[in-house]
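Here's the structure, in structure tokens; my notes come after.
For clarity, chains are labelled A, B and C in written order, and residue numbers in each chain start from 1.
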Amino acid sequence: MRRYFGRKLLVYGLTFFVAVTINWMVPRFMPGDPVSSMVARTGASNPAAAETMRVYYTGLFGLDQPIWQQYFNFWATLFQGDFGISIWAFPTPVSEIILGAVPYTLALMIPAILLSWVVGNWFGAYAARRKALDNAVLPIGYILTAMPYMWLAVLLAWGLGVVAGLFPVAGGYSFSTRPNWSWDFFLDLLHHWTLPFASLFLAALGGWAIGMRNMIIYELESDYSNYLSALGAPQRLIRRYAFRNAVLPQITGLALQLGVLVAGALVTEIVFSYPGLGSLILKAIQNQDFFLLQGTFLFIVLGVLIANFIIDIVYVVVDPRTRAGMAGAQA
Amino acid sequence: MSLRVSDLKVYYKTLKGQVKALDGVSFEVGDREILGLAGESGCGKTTLGKSLIRMDGRMRHIGGTVELDGEEMPIGDDRRMNAFRFHEVSLIPQYSMSALNPTRKIGKMVAELLHSRGVALDAGKLRGRLDAVGLPHEVLDRYPIELSGGMKQRVVMVVSTLLDPSLLIADEITSALDVSTQKAVAGALAAFRDDGLVKSMIFVTHDLSLTYQIADTIMVMYAGKLAEKAPAKEIVEAPRHPYTRLLINSLPEVGVRYADRKLTGIAGSPPSLLNPPKGCRFRDRCPLAFAQCEQEPPVVEVAPNHSVACWKA
Amino acid sequence: MTALQEVPAQDAQAPAVVRREALHFALRNGKLVTGLAIVLFLLLLGLLGPVLIGGTPNAYGTRPMQPPSGEHWFGTTTFGQDVFTQFVHGLRTTFAVGALGGGIAAVIGMLVGFVAGYRGGLIDEALNMFTNIVLVIPTLAVLLIINAYLGVRSVGAQALFIGLTSWPWAARAIRAQTFSLRTRDFVDLARLSGANTWKIITREIAPNMSSYLFMTFILLFGGSILIASSLDFIGLGPTEGISLGLMLQNANQWSAMQLGLWWWFIPPGAGITAVVGALYVANVGLDEVFNPKLRET
């Protein structure tokens, strides 16, 4: 088990290292001179910001310093929690803006991902049992997995928001209110949260249902299922075992899908102008705010790595084989 | 008489038509008898083994009856068959290495299995059975992955015989094991019979020499039909069916007597059972085939307990 | 000793027979036929549509915000652009991104998977580590950074970067398959007869899992289309031309939803869903054709 976690942590550590390196390298090695053109573009609208940018990039690229020194400096500033200053919201530090947006993204993503996983697995398990349900779950599942997240979001926003007028289609809360600790504000938040959540939930649902269905069918044809059937064990027991064993690859699947789910959450937020990281990214791109973009990138990578590690821990709890010190999940 | 099979026909349903895997087989297994079932791949011996306990989804019971201890078993009716399974008929499968649920401790799995069959777990009996096959009691607290292949094999043997079934089917259980383990497993199976844990046993294998060591009677099948059935010694020393003879000759060692024989495989392969040829099914490969083989040879008892389906026997 | 061996084993048949048999089942597989028909129809629409209709997809027209009519099949945008013209051009881009991105990812995935699976040992360890790292990094986030810094973005560059980042799961799957093939007799035989690694991989291993590789490519194809549409939607699509994702982005940016211009945002999303969904369904069909076990039931 120690080896299992050791390997995982090594991969995550290296991943973070690679992500930071990408972050450092991309602006440096892009064709042309993006820095000067960026500074020029920003300078037209906000001279003070342009000056900050010039100073930052001079420090970053160090001009007179050797490359390894520049790279080292980059890490040093990172460990001080310094992600730079936002151009779009000058002079707010990037880290502050991101921390303000993270709760919205998490509030949207965590329930949507977990619920779609649970409900999808549940549907899939039932579909594997009943032919009629199977015939309904499969096509719907395939359509949902093939749908781009933002299109489903647009359809829901248009149908339930614009046409039916049931839900607001923009923002995290009403424009007329200010965030405060009241019951009314909470309801307002919930009201705005519903559609983006539903959209994210539905888009992810189909994949889990199909995956679970296929896994259960595979498990029901496995040797241990056949043996139990030959000994006359009731279907109830066999299905219980099959379900338990089919859930394990679905947990691994959750880890593998995290990147796609995060991407889905980002574009869904953009559709609903939901004040999370997705909307931040859009603003960063529209305003050429590269500090903000790069900071968000590192936050997302960090979040995904932490989520991966949590899933690893859950896997160890659920799969006895990893605890028994034997091979279980792949590194 | 423990098991009586009469004119059993079991076909496979495939897209191309019916595969007549078991086409009218009759035999009996007595109390305290171990019947060795031998033949090439695809001769129908695995189909026979499955038919006696649980048919897979594509198998169809076309005709014939199976009686166990005087009671007819509804082998084509999966639901009604459940009453017999485990209690009366049990199975040690070919896939013993993967027959145990990987995410349950063995003790818990056994308890849940017994509970689901409405049987109370007799912990003392279970431990006694583990002792008998030389397994420490701690295996009950282990997951299957923590056990070696041989240990898993023995766990399955203990589980399958826990309710003292009347008939035990051992399906190719030794094919995945090395030679010394094979002998140990075969010995343990014989001990099950000797100790009265099981009344009778069908030992399915393609390995005639191993069958010879534990079986009282050997039945050789060919292309879905019975070719020859006789006491083990007679089958090996005085086979009557040309197929049995070729099969014996193709063995590297069955007693010293055959050690100097040339090792000959049997040319050709069994006929397709989708549209089996009329007459004797071994005809095309048989060195003795003659005109009469166009007609199907009946199973004839040529000596006491020795039946052969061949015109020249 | 399984029941299947009672009918002649697959290995004994001539390759031509196997191929003919696969075709026989392929033509009778509803999922495969339907999926392929949809994909082919949309592909033809994307290839021929722009030629037949002519015109530039982003040209402003004189009649903005028109609902679908005989003249404008899918209506017009707030700028009077013809949505149908944009749609057929967008389809073309979508297929291009899918084929290119999926193709690049498939090639990398195969290279890494084959070498890791066949060579094993230290090379496998290193490649596995590399694969895992690329696997954990959220693809879209990396693409965001790269594309944001590219001043001028083309469809080709977009597809290239998608291909470079979306191969890891394919590499893992192919590695596992290769691993199970490498100890087979025919591979041993080739090794004994002195064939080098490259030859064994291309002559012995790859042909034996060609159906699996093809299905992997299809999934990568669909995945590339979805990633590209997300990038386009965020505003990091190609700076020139049009794609289905860019259409969605434009519709969203210019409040098509609030203005009730449903014909602006329904077709591009439906187009993506149809292409990707049809690919997935065809893939399930292919699986049933190539995998006799699934076929029988």
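One rule holds in what follows: a residue touches a chain if its C-beta (ideal position, glycine included) is under 8 Å from a C-beta of that chain, and two chains touch if they have at least 3 such contacts.
In this text, all values refer to a predicted model and were calculated from it rather than measured experimentally.
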Chain closest to the middle, measuring from C-alpha centroids that were averaged per chain: C
Chain located farthest away, centre of chain B as origin (C-alpha): A
Chain pair with more C-beta contacts, A-C versus A-B: A-C
Chain B and chain C, separation of their C-alpha mean positions in angstrom: 49
Centroid distance [mean C-alpha coordinates] between chain B and chain A, Å: 55
Whole-Å gap between the CA centroids of chain A and chain C: 22
Junction residues of chain B, two or more chains touched: none
Residues of chain A engaged with two or more neighbouring chains: none
Residue list for chain C, restricted to those that touch at least two other chains: none
Of chain A, residues touching chain C in the complex: 10-12, 14-15, 18-19, 22-23, 26-27, 30-32, 34, 37, 142-143, 145-152, 154-155, 157-158, 161-162, 169, 256, 258-260, 262-264, 266-267, 270-271, 281-282, 284-286, 290, 293-294, 297, 300-301, 304-305, 308, 330-331
For the chain C and chain A complex, residues of the former touching the latter: 128-129, 132-133, 135-142, 144-146, 148-151, 169, 172, 222, 226-227, 229-230, 233-236, 245, 248, 251-252, 257-258, 260, 262, 265-266, 268-270, 272-274, 276-277, 279-281, 284
Chain B residues within the chain A interface of the complex: 53-54, 81-87, 90-91, 93, 95, 98-105, 112-113, 116-117, 142-143, 145-146, 156, 159-160
Sites on chain A touched by chain B in the complex: 222-224, 226-234, 236-237, 241, 244-245, 248, 319-321, 324, 326
